[in-house]
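One structure below.
Chain IDs A, B, C, D, E and F follow the sequence of writing; residue 1 opens each chain.
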Amino acid sequence: MDAILSLAADNLLSPIILSFVLGLAAAYARSDLSVPEAVAKGLSLYLLFAIGFKGGASVAAHGIDQTLILSLVAGLVLSFSIPVVAFGLLRVMSGLDTVDAAAVAAHYGSISIVTFVAGSSVLTSAGLEGEGYMVAVAAVMEAPAILSALWLIARSGARRAMDGELMREVMLNGSIVLLVGAFLIGWITGADGLAQIESFIVAPFLGVLCLFLLDMGLVAGRGLRQSARLLTPGLLLFGVVMPLIGSLAGLAAGMLIGLSAGGVSLFMILAASASYIAVPAAMRVALPEANPSIYLTLSLGVTFPFNLTLGIPIYLAIARIATGG
Amino acid sequence: MQTHKAKRVEIIIEAVMEKRLTDALEGAGVTGFTVLPVRGGSGRSGAWSRAGQVSRAGGMSCVVSLIRPEKLDPLLEAAFKVVERHIGVVSVTDCDVLRAERF
Amino acid sequence: MQTHKAKRVEIIIEAVMEKRLTDALEGAGVTGFTVLPVRGGSGRSGAWSRAGQVSRAGGMSCVVSLIRPEKLDPLLEAAFKVVERHIGVVSVTDCDVLRAERF
Amino acid sequence: MQTHKAKRVEIIIEAVMEKRLTDALEGAGVTGFTVLPVRGGSGRSGAWSRAGQVSRAGGMSCVVSLIRPEKLDPLLEAAFKVVERHIGVVSVTDCDVLRAERF
Amino acid sequence: MDAILSLAADNLLSPIILSFVLGLAAAYARSDLSVPEAVAKGLSLYLLFAIGFKGGASVAAHGIDQTLILSLVAGLVLSFSIPVVAFGLLRVMSGLDTVDAAAVAAHYGSISIVTFVAGSSVLTSAGLEGEGYMVAVAAVMEAPAILSALWLIARSGARRAMDGELMREVMLNGSIVLLVGAFLIGWITGADGLAQIESFIVAPFLGVLCLFLLDMGLVAGRGLRQSARLLTPGLLLFGVVMPLIGSLAGLAAGMLIGLSAGGVSLFMILAASASYIAVPAAMRVALPEANPSIYLTLSLGVTFPFNLTLGIPIYLAIARIATGG
Amino acid sequence: MDAILSLAADNLLSPIILSFVLGLAAAYARSDLSVPEAVAKGLSLYLLFAIGFKGGASVAAHGIDQTLILSLVAGLVLSFSIPVVAFGLLRVMSGLDTVDAAAVAAHYGSISIVTFVAGSSVLTSAGLEGEGYMVAVAAVMEAPAILSALWLIARSGARRAMDGELMREVMLNGSIVLLVGAFLIGWITGADGLAQIESFIVAPFLGVLCLFLLDMGLVAGRGLRQSARLLTPGLLLFGVVMPLIGSLAGLAAGMLIGLSAGGVSLFMILAASASYIAVPAAMRVALPEANPSIYLTLSLGVTFPFNLTLGIPIYLAIARIATGG
């Protein structure tokens, strides 16, 4: 318990968390501080490229075994099934109707790559490292949850065909393609490749992450300021309980596969995190009736900060205890 | 200068639907359109701004198309099918254009 | 398709006044508007461009609002109070809109 | 509110010709215009998008000018000379403006 | 004298100054070289974050004492009072009317953070370092000058109420919030935090500053090309004399408080510099009748280049002599 | 031969090439991955500044001699004359009319700075280094080809006056000004200047290049997907044969002047490369009747990838054999 608390305290007072808090505070104070859209996108391209590449290079260094395949499959299974749990919980805990509940559920089955990135850097500073291929697992977990959500809605009568075009958009959305592509490049070019671009993707990484989290704080804060009234106690509770549940599913998966303490932590983080880029876009296309303020506020305004501050240290501590690592 | 009667259709639509809209316009025989970026706005579903956003979800595009008057109805039908379930607005203005052979 | 008479108001205003303008519009009962970025321009006070600028001082925004004809006057009154002492232009065009229930 | 009849001219032109166009407008006695960025579009010469582009070659600008009706013809003549050999479109709409003394 | 000249020469031939000159020259030659707005904003976010953080980390390292409070108070006093001097001078030296003179005066009471940043890097290469909290002093000096200017106008009859909204905008403008926020983050996370993001905010700093100054040169050059005819000899002289006067006020403040040679230099630089971001925006709201071409051309086209090239080495030399440092 | 193949293989599996391939693949798969325009421009500003500065610093370190002047003159001559060859070839190999053929020819007489940058980094990893002033040669080679193309058209009757305004635009386009300006700054500030901004322009350089090439892959891929049908076999062949011819002209020039193996390679690369930024813009102004899809697809979709993957290693190998270096 002490270890968790001290880790959480360290984490809370790190530049990346404080940058997020600064963004939140600036938004609440209605400062005009803002990051241009193009710059925010540029930062996210950098983060995806860097995290993907490093994952690939790490796979090149450590080799792979069957745990890679098992992890990918487990990721798929989690992404497909978590929305069902989330949907059930939401129907019980909140007054959301089917469409809104399914839309929210899709977000929790999918993942947030920035949470993953932040988690990885906490792992690194705690002296742990996850399996490099976990970025590939992150990529496969983005999309399936969307299918589950649409299936949940179809089940309840309001047939909603997933058209092929949307399917293609979701599977080939920019984040997935860049993450997987950079992963493959890192894998192919290995240590040599990493040496060439290390001072771009490794050294300044945490600093870039600070600026990006500042921006996320601004966006989340503005969203919260506008939509906090939508957050009923039930929804708020869901936004904190659901990641814990997800993390336990991730724990189970990671332990069954036999991942390292780092890998198990990352699995927990992935399962606990909620999408705020790919899934919202897909929901606007497939479920325009669902209120975006609900799912965005919950995912970006509640669950993301929770994971960033308390969640990650908790998952890490649990993973350490569970794996004895 | 010689000008010709035409219609200027302006469709403000969710960015995620932009491609579907322009595909539909092309399907309806529209020969040209221009897409303007949109920075923010407000409507019944609340206010929004692109500042700092990464996802395409919270954003709109503005598609402007100049067309011959007789093509208005097919265009609106096509556009309506796309925007129907979505937020956004469609407006039509009378205008005069140069170089009618281009439309 | 069924369309409805409406007005399209386009206000090009200094970026620093944008928030004050949209607040005034909301105060005047305007239900929606869209903000387009502006890249540069020229007028009696000279030419300007956003290239390389960091300050919001030297920049304009374009606010477009579609409204029912009867709301035009309150809107213009409200807008005028904000733009009065400032540079910028206001224009009104007749238009037709789909989905009148949205306005 | 007191408004005045005016014309709204909207010229969508290749970015490389923008400066030449606005110079020509100024030459024709136009007192003001606003340049909006354009993100993409499609026409007889194909579809295009600014995404990821560095060169100004594949891009368009949208120049909007509000003018007194009597200045329309000189403006169109001037604009036509610039756009003549180039892709792009020119449209004119009737509008009302506030503060006519500005035009 | 020799020392000043050699320092000035070194300074004039540094990459950052030459980058600014390149921008100026490109603008004069009407090249289409330009930095996209979003990129310019991104660079300025980086610079504010980095300079704020480093200031905070330096405070964490050296501790604080009562000079911090005294410096903040002195900064406030300077920012409030310099506009009064500037206003008087302008009325004597130039034909500007009350409104234009007050608007210009506001700019000189406030500060230019890029001049501060450039000055800091000259200090560093001269082996000096100012008190880390000078970035906080920079932040408090941004806004008061605006109030003074509005008071100057009110005095002369043309009552101009400063509305609460504008006040909030000015106090919470993005640059102030980011600078102060990053300062606090640097202070809280200290040496540990700095170590984490050093290769982002320290190593590439001067290079980023070069690109930003290139952009400032372009913007200043375009402004000058369009508005140089507004610069009467009286105004031009003001643009060079006023920073010198300001710097002496800064010198007095720094000496009274007992700052180090670096700290005194920074105080001089702050007092000598003129705002070109926050104050112009506030003036457009509060004094739309004032001609922006005058204050922007003077601040960005005359005083900024003067400080960058000659001013900083002069202030530094004076500070060294005065403090015996 | 083996050496070429192994160098080509190394090159093909480098992060920069694979990043380009990733972009191409994403575009072909119609992923929505994209780099914002402002970010792409920001990256290109960085690359131009860095390559120019490093060239200048290298001149400062090694001094210059008359080969500098000779190289500049040779660059001018190549840029003026290559379009004539290209035009003749095109008239024979493809069905293009005079205007389209002249427009394409202008692109091949001019140069692609990214090809130059990529080539320089291959040189560096092969342990070679070209004369630093080759970036100045690159700059002088941008514009003359445009004049040649307009002259080719004038010859064939369709008189097309090059107006002074266009001339100025072309000579002072942003890339040339930044490249030459940064070169001069690097030259003036020399080793001292380089030391100050090294961790900005040297260390992260290859990583930035990766992101930029990713973007170029996306843009090239989208262009190809839309316009591949315009590429007749004759044009395709031209897109591969013309760079080889150009490279031989560059080889001759470099050998005559007596450059090092690195310098000869760079001359070959410049002569082989085809413009895709400055010349297209000039062609839109001067020859609006020419179809941009043809020249852009050929230059960016065929010749650029060819040079990047196979061309550069080939030129390098030839240069080594020819110079015995």
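One rule holds in what follows: a contact is a pair of C-beta atoms (placed from the backbone, for glycine too) under 8 Å apart; a residue touches a chain by one contact, two chains touch by 3 or more.
Since the model is a prediction, treat every value here as computed from it, not as a measurement.
Contact with chain B and chain D alike is made by C. When every chain is reduced to the mean of its CA atoms, the largest separation from chain C belongs to F. Per-chain Cα centroids separate chain A from chain F by 41 Å.
Centroid to centroid, with C-alpha atoms defining each point, chain D and chain F lie 34 Å apart.
Look at where the CA atoms of chain C average out and do the same for chain D: the two points lie 18 Å apart. Counting partner chains per residue, chain F shows two or more touched chains at residues 32, 34-39, 41-42, 199, 203-204. The set of chain C residues that touch two or more partner chains comprises 36-37, 56, 93-94. Two chains count as a pair here when they touch; such pairs are A-B, A-E, A-F, B-C, B-D, C-D, C-E, D-F, E-F. The touching residues of chain F, counted against chain E in their complex, run 36-39, 41-42, 45-46, 49, 53, 168-169, 172-174, 177-178, 181-182, 184-185, 188-189, 193, 196-197, 199-201, 203-204.
By the touch criterion given at the top, residues 10, 12, 36-44, 60, 62, 73, 76-77, 79-80, 83, 89-94 of chain C touch chain D in their complex. Remark: chain D residues 1, 3, 6, 8, 22, 26, 31-37, 61, 64, 66, 93-99, 102 touch chain C in the complex. Every residue of chain E that touches chain C in the complex is listed here, in rising order: 34-37, 40-41, 44, 165, 215-216, 218-219, 222, 226-227, 276-278, 280-281, 283-285, 288-289, 291-293, 296.
Every residue of chain E that touches chain F in the complex is listed here, in rising order: 13-15, 18-19, 22, 25-26, 29-39, 42, 125, 199, 203-208, 210-211, 214.
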